[in-house]
Structure formats: structure tokens, C-alpha cells
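First up is the structure itself, then whatever we jot down about it.
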Amino acid sequence: MPQYFAIIGKKDNPIYEAEFTSQQGQQGQLQQGFQQNLKELNAFILHASLDIVEDLQWQVNPNAQHGKGGFLRSKNVTNIDNCYLGKVDHFYGLAITAYVTYGGMKLVMIHGGPPNGNTQIDDNMVKSFYQEVHELYVKTLMNPFYRLNEPIPSPAFDSRVRALARKYLNR
Amino acid sequence: MSQKIILPSTSDDGVYTQSDGYEYTIGPKQSLPNEANAIPTPSRIYSESLIYRKQEVSLSAMAFLFQEMIATIHRASSSAQDFETRLNGYGYGIGTRLVELLNLRNSIPPNYSKSSTFLSNSSSTSVNESHGSSGTGTGTLSSASDHSHHYHENGTESLAAVISNMKPRDLKILDILQFVHGTMWTYLFGCASDDLVKSSERDNEYMIVDNLPVLTQFIPAGRSCDYFTCGIIQGFLDSAEFPCRVSAHSMPQGELDQRTVYLIQFDKHVLERDNLRFGS
Amino acid sequence: MSTPTQSKSLKTIGEDTWKNKTEKVNAELFTLTYGAIVSQLCADYDRDFQKVNNHLFSMGYNIGVRLIEDFLARTALPRCENMVKTSEMISKCAFKIFLNMTPQVTNWSTEKDAFSLMLEENPLSDFVELPVDAMKQLWYSNVLCGVLKGALEMVQLDCDVWFISDILKGDSQTELRIKLNKVLKDEVPIGED
Amino acid sequence: MTVRMLLVINKSGGLIYHRSFEADVDEGLNSNDYLILASILHGSFAIATQLTPKALQLSQSSSRNIDYTVPYIPYVGMPRGRTGNERTKSTASTSQGKLGSFKGDDFFKEPFQSWNRSGVRQLCTDEFTMYIYQTMTGLKFVVVTSQGTLSPANPSSSNNIFNIHVADNFLRKIYCLYSDYVMKDPFYSLEMPIKSTLFDKQVKQMVDNLV
């Protein structure tokens, strides 16, 4: 099942976008990406969820309400990981997950699902993917020639993100 | 005339070509079928670990570089104000990098950094050593250097893999200031700053005190040269979404005639957010 | 009794001075500051990398003429009689005391008046990857050449210092070349001979 | 026995720093006179290298045996009570700033070679004694003391070589202060007079520690 992934800068400008497809298409036919008409919608779906992300990012435990059990809802749990926001939105069966870095960059992804049912998110895998891409972003940022909020055209970055997608998202 | 929909992504040809990276004018590219076995494009910064190697240089070297930077900026600036803004700009970029780097490094489980990459997988490390040295062609291991550069893909360079939970993002003004006062100051100048004080007059003002600024201790009346550190603080806080203005003021106190106070004035909406979200 | 400073080798002097007599700072602060300078220069000269190289060289020269005083005050080492001794002084003492690194001295010229320094680890270039258009022309660590030129000139050694290769440009190693043009005899302070 | 004056002369003989430590001593000389004094000193220093007496010149040819090593005299010009590792309890940052870019409780700990082989090192008159320390880059540090020697520990001025060594230790530390507070000051241009208040303060402190 395909994903549309984007890193959104401080002025809601995308600095990196990519589409990932699962390796083994059903019974060998070319893996299918998003249906044609959906491809154009991806950017809009993603940007629609940015407002939710901007609200969630200031909550003490933003990813607590994902059925992680009631006891986690206690107010004073402040040391839990609030970078990964989990599933923040959905759009007709497509799930949207998000992750905010320390420098305010938003990593957002639309998970395409099987045509009828809605998509199941494996939180651990998605979170690991986000964490590794976050590290790649920090390595990009540390280069003195890279200016904040600039698109990341580096093929090295792109090939590594796709490798991570294969490793974590499309087993 | 067949209605051909313009495909937002142009990756419809099945043949795998070496990915030439994201082109923002074109938009997202769909990953290709036979990409699985492609080795990632070799790159220096992505194959090196972000782990803190505790490397040091002499204060003299830093002081000389700093004074030459100051001299260069001074020659190019028209007024004191212009000088301070430019110098702030140099620091700002560093601040924006440190907020990501220091928080990421803080997420690494303590035992990991102690055992460091060399112990946790020593077997593959010995491979690194030999591989590393043959890679540099000189054949001789760089004996003097107590760390060697790993220029190859072997997975040990990714820190995120060992991080189970990222350090939580600081949401409150006090938390982010504690981070600046403690972790960032220790990273930059070797020890925490001498004080972190909330101003009594206005509630959006906080002060970080440094009795002897490391970088400007040799510069007479060096306060305007402290705008480099102001830039680092401002870059750090702006990036973490706590926009503010930072200024340096000389506040001598008895023996400490180079005592400097960094005044941090947060924007109004940061205050509102802080009260709204976490108000008492 | 043989004078202790002579018997102690330059290597031990360098290491001892570095360990016990030099205040240190985090190398990454040094790296990030230098990175900010270079990227700002590239913007100011809108990517005319030859101009950036020259500007870095002259910044280095200004540092070198001052840095030599720090080195001499700190070590008070006697004047080097020849370029071989000078190369030892630079690689084992100077680089160690200031940047905590010891470049290898190689590729001596036949007349022993020129040699190369192999910089294995270079604190200036951590985290750095040159943009494609800078790959051909920009010598990222050119400030080092200026520092060496300035410092050597202050001890009456007129040298040329330039980069031969740099791993940032994709070469296999970083090599810096120093060639002695002439000893400025008449500028040797009176009272030394 | 006190330090009455300190001069710093650049390699071309120009006076770049002058400080007298006794209020009443120099009402006669104005700053211009000091400039002239410095260039005369620079000139005579050079001439003196040719005037070395025949005997000394003979032995100079085999100067290997003349030992130019200056022994390390502990804590010359350092704050009193610096025994071993007594460190003020100030926080790390201020104690770190104690010796600027130098570490430990003294600028250097070993004997060192003096670069000044054939120039003037000491000038004794009945009024004062002048010591000169010249660096490899041609910078001269001159200290003028009243009769006798710099260090109270050895009041009798008979042992001249000891006085010279104390002076060299002291002046090399002034050279260290110069390398920190003048060379690392971006607003100082080379060969120009030193205006740095920090350098002044550090020098004053070191002279006070001497007494």
C-alpha cells in the first residue's frame, strides 16, 4: 500500500516530497501507487492536516489518545516522546501520520490503504521511519552550505529516505 | 484527442535510473520497482555518525578565528547597529543547527554514548578500521587521531536506530530556557551559564548571566562582540518556535568586570501560548 | 648539563603543552563558526569561489601574523635551522597545540625546501559537503594556508602555501604544500646570531 | 626595589606600550620623550651587539658552551599564596579565565632558551636597572626597576645572572599576556600603540604580584 511523504518547512513550504510504493504488488502486477486522481489530491490532503499538527504539537501528550490505555492520560507524564504525533487525521480511509522535529519541521505522511477498508498504521514502524528520516534531516541541516527551509535536492538524501521506506513501511 | 491527465509525478518509466534527488518544481517522484537493491548514493555527511566525539581545539585557535571574523564584519559594517545585526546573523545559523543536534544527541540512551560505537559492535568496527584506512589510500592508520572517520555504509552511523524514545520537545518557556542555560551553554563554553533569571519588570523578559564570556574575554569593551552568542541563542529559540529578540549588556559586578547579561525578550504570542497551554 | 628543552622531542613538547598548558574549547563550536564564515562569504561574493579562496587566505594571513606570537610565548622554542626542523615544528607542535591534530609530513622536494602536510582529520571540515558548483574551485580550508604563510613570514621564512587536494572535493586525501622561497635574512631581529 | 616602568617596543623600534608604576617618577618625560627613548633604546640595542668585548666574542664563536637557558623561577608575577594547587573556589568559568588561553596556575613551568644572544639583556646604573627581553619576531619587552633586583627574595644585587633570569621569566609572562590580550583583540592593528584596558589591568596585576 503506497505512501505520500513530505517534509514541510516553517512557512508550510514542502522541502522534500516522495511517494513510496510497496514492493510486492498483489500477485506480481506492477505495484500500484495512488490512483491517478488521488495523486493530485495528496498535497491538499496533507496540507489540510497541518492545522491539526500545529495544535497537537503543543499538547503535553499528543499521541496519548491513540488507544494507548487510559492510565497514560495523566497530566504530569511529561517525559514521553512528543515528537511522533501518531495518526493525526484521516481522509476517506487514508490515514495521515505526523512527526515534528525540534526545529519545528513537520514530517507528514499519507498512508494509502486497500481500496475498501481503512488503513492500519503500525505505530512502531512508522515512528522508527520518522526518527531515521529526522536524523537524516539533521545531517542535512548541519552542512554549513544548507540554509534553513531550503528544499533538499541531494540524491544521497533521497536514496536513503527511500531505502528507509522500504525497510520500515513496505516490508 | 485523448484526454491525457498531466501526471503530477513523472516517474512512469519503469526503468530504474540513479535517483537524482527531489526536484521541488516537479514534485514527488514515485519510488521505482527495482530500487530495492540500489546502494544509496555515497555521501560524506550521511555516512558519518552524529555522535558527539568530544573533540577539542585550543581556546587560542577559537579566539583567533573569532577575532578575525569580528574584524572582517567590522570592516564591512557601516554602524554599530549594522555590526551587531550581521554578527547576530552568523550566530543565528549555528543556533538553528544546535536545537536539532543537541536535542537529538540528548535522545541517545546514556549507556550507548558511553560504550560508543567502537565497543557496541567491535567486530564490525575492526572491519571499519581496516576498511577505513584502505579507503584513505595511505594505508597507514591515522595513529594520532583517537577517532577514525567511517566513510562507508554499515549502519553503525545511524543513531536513530538505537533511540527508542526521542527526548520530548520542550513546550514551556522555562523548559527551553533551562536547556539553553544548561546543555547548550555546556556544549558551547564548557559549563552551564552562571545564572538564569526572570526579569521582575516585564514578564516576557528573561536573563542569562555569564561572568566571563569565553569568546570575548580578550576583547576590551567586547559587549557588542557578544551579539554572536545572542545570535546563537536567538537562532535556537526561534527554531524551537519561541521567537524572541536577544541583546547583550555589560553588567560588571565587583571583580567580574566582563560580566555579561543576555536579555531575552519573547514575542507576545509566545507568552499567550505559554499561559493558555500551561498557565497555572 | 644538556639543556632540557632540546632533549625533549618536539612531539612531547607539543603533547605536553596541549594536555597541560592550553585552555580548550569544543571543536564543534570552532567547526560551526568556520562553517558560518565560509557560507556567508560564498553568499557575499555570490559564489565566485576564487574570490572566496583569496578572502579566506587573507583572513588566515591576518590570523597567522598574530598566532605566531601566541605560539612563541607559549613554547619559547628556539629558531629552526632548516626546513626539516620547521616541518617538525609545524606538524608536531603547532598543529597539535592549536588544533589537536598531527598532520603527516611527506613528499619532500629534492632540495629539501618544500614538503607536504597530509591532513587526516581536519576539524574545519566536519559536517561539510560542498555544493556541486563549489566542488571544482573552492578550497574550503584555505584559511590554514594563510595562517601558515603569515606565521612563517613573521619568523622570516617567506613561503608559498597552497592546497594540492582535499577530500571535500572528492580527492582521496587532503594535502597542503609548503615551499620556502627565501629566508628574509635582513629581517632577523638583531641580537639572535 | 620596585618595578618603575614597563615598555613594549615593536620590531621597527616604535614604542607601542608604556606604563610607569610610580606616580611621581616621570613628571619630566612626556609621551613624546618616551617615543624618542624607545627608538634610542632600539638603536643602542642593535649597536651593542657589535660592541661585545673581544673576550666575549672569542668565546662567542664557540658559543655552544655559553648556556642561554633561563631557568624556570616558580610563580614570578603570579598572585601570592599560589602554593601548588590552591585554587580560588570561584566557579569553573572564572577560574578558567584566570590565565586566559593558558591553563594551570602558571604560564609556563619549564626552563626556556632566550632568543636574545648578543643584544643587551641588562643595563645597570646607580639610579635603576633595565632588563630587555626580545622575541624571535623582534618584539622587545623592557622593564625598569629601581636599584637591585626584581625579586625581594634576593635583595643583594650581586648575583646578576639571577636577576636577569627573574626578569626574563617576568617579561616572558608579559609576552604571554600580550599574546592573549593584544593579539586576540580584533580592534588592535599590528605595530600600533596598545590601547587595551584589559592588557593594562593584567599587567598592573602582575606587577603588583611582584612586590
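As written, the chains take the letters A, B, C and D, and residue 1 is the first residue of each chain.
Going forward, a contact is a pair of C-beta atoms (placed from the backbone, for glycine too) under 8 Å apart; a residue touches a chain by one contact, two chains touch by 3 or more.
Because the structure is a prediction, the values reported are computed rather than measured.
Trainee: If you tally C-beta pairs in contact for every chain pair, which pair wins? Let me know.
Mentor: Top-ranked chain pair by contact count is A-B.
Trainee: Rounded to the nearest whole Å, what is the centre-to-centre distance of chain A and chain D, using the mean of the C-alpha atoms as each centre?
Mentor: The separation of the two C-alpha centroids amounts to 67 Å.
Trainee: Approximately how many whole Å separate the CA-defined centres of chain B and chain D?
Mentor: Here chain B and chain D have centroids separated by 44 Å.
Trainee: Could you put a whole-Å number on the gap between the CA centroids of chain B and chain C?
Mentor: Centre-to-centre distance between chain B and chain C: 27 Å.
Trainee: How many angstrom between the C-alpha centroids of chain C and chain A?
Mentor: Averaging C-alpha atoms per chain gives centres 46 Å apart.
Trainee: Show the residues in chain A shared as contacts by 2 or more other chains, in ascending order.
Mentor: 139, 142-144, 147, 154
Trainee: Find every residue in chain C that makes contact with two or more other chains and list them.
Mentor: 22-23, 32, 36, 39, 66-67, 70, 74, 127-129
Trainee: Got the chain B residues that touch at least 2 other chains?
Mentor: In chain B, the residues touching two or more other chains are 43, 45, 58-60, 64, 66-68, 71, 93, 97, 189-190, 214.
Trainee: Counting only chain pairs that touch, give me the topology of the graph as line, ring, star, complete or other.
Mentor: Graph shape here is other: it fits none of the named patterns.
Trainee: By the touch definition up top, name every chain pair that qualifies.
Mentor: Final set of chain pairs in contact is A-B, A-C, B-C, B-D, C-D.
Trainee: Touching residues of chain B toward chain C in the complex: what are they?
Mentor: That would be residues 43-45, 52, 55-62, 64-69, 71-72, 89-91, 93-94, 97-98, 136-138, 140, 142, 144-145, 147, 149, 187-190, 214 of chain B.
Trainee: For the complex, which residues does chain A have touching chain B?
Mentor: Result: residues 2, 4-6, 14-21, 23, 30-31, 33, 36, 39-40, 42-43, 57-60, 78-84, 100-104, 128, 131-132, 134-144, 147-148, 151-160, 162-163, 165-166 of chain A touch chain B.
Trainee: Name, in rising order, each residue of chain C that touches chain D in their complex.
Mentor: 3-5, 20-23, 65-70, 72-74, 76-79, 154-155, 187, 189-193
Trainee: So in the complex, which bits of chain B are touching chain D?
Mentor: Interface residues on chain B, with respect to chain D: 58-60, 63-64, 66-68, 70-71, 74, 189-191, 194, 210-212, 214, 217-221, 225, 256-257.
Trainee: Enumerate the contact residues on chain C facing chain B in the complex.
Mentor: 18, 22-30, 32-34, 36-37, 39-40, 59, 62-63, 66-67, 70, 74, 97-102, 104, 118, 120-121, 123, 127-129, 143, 167-168, 172-173
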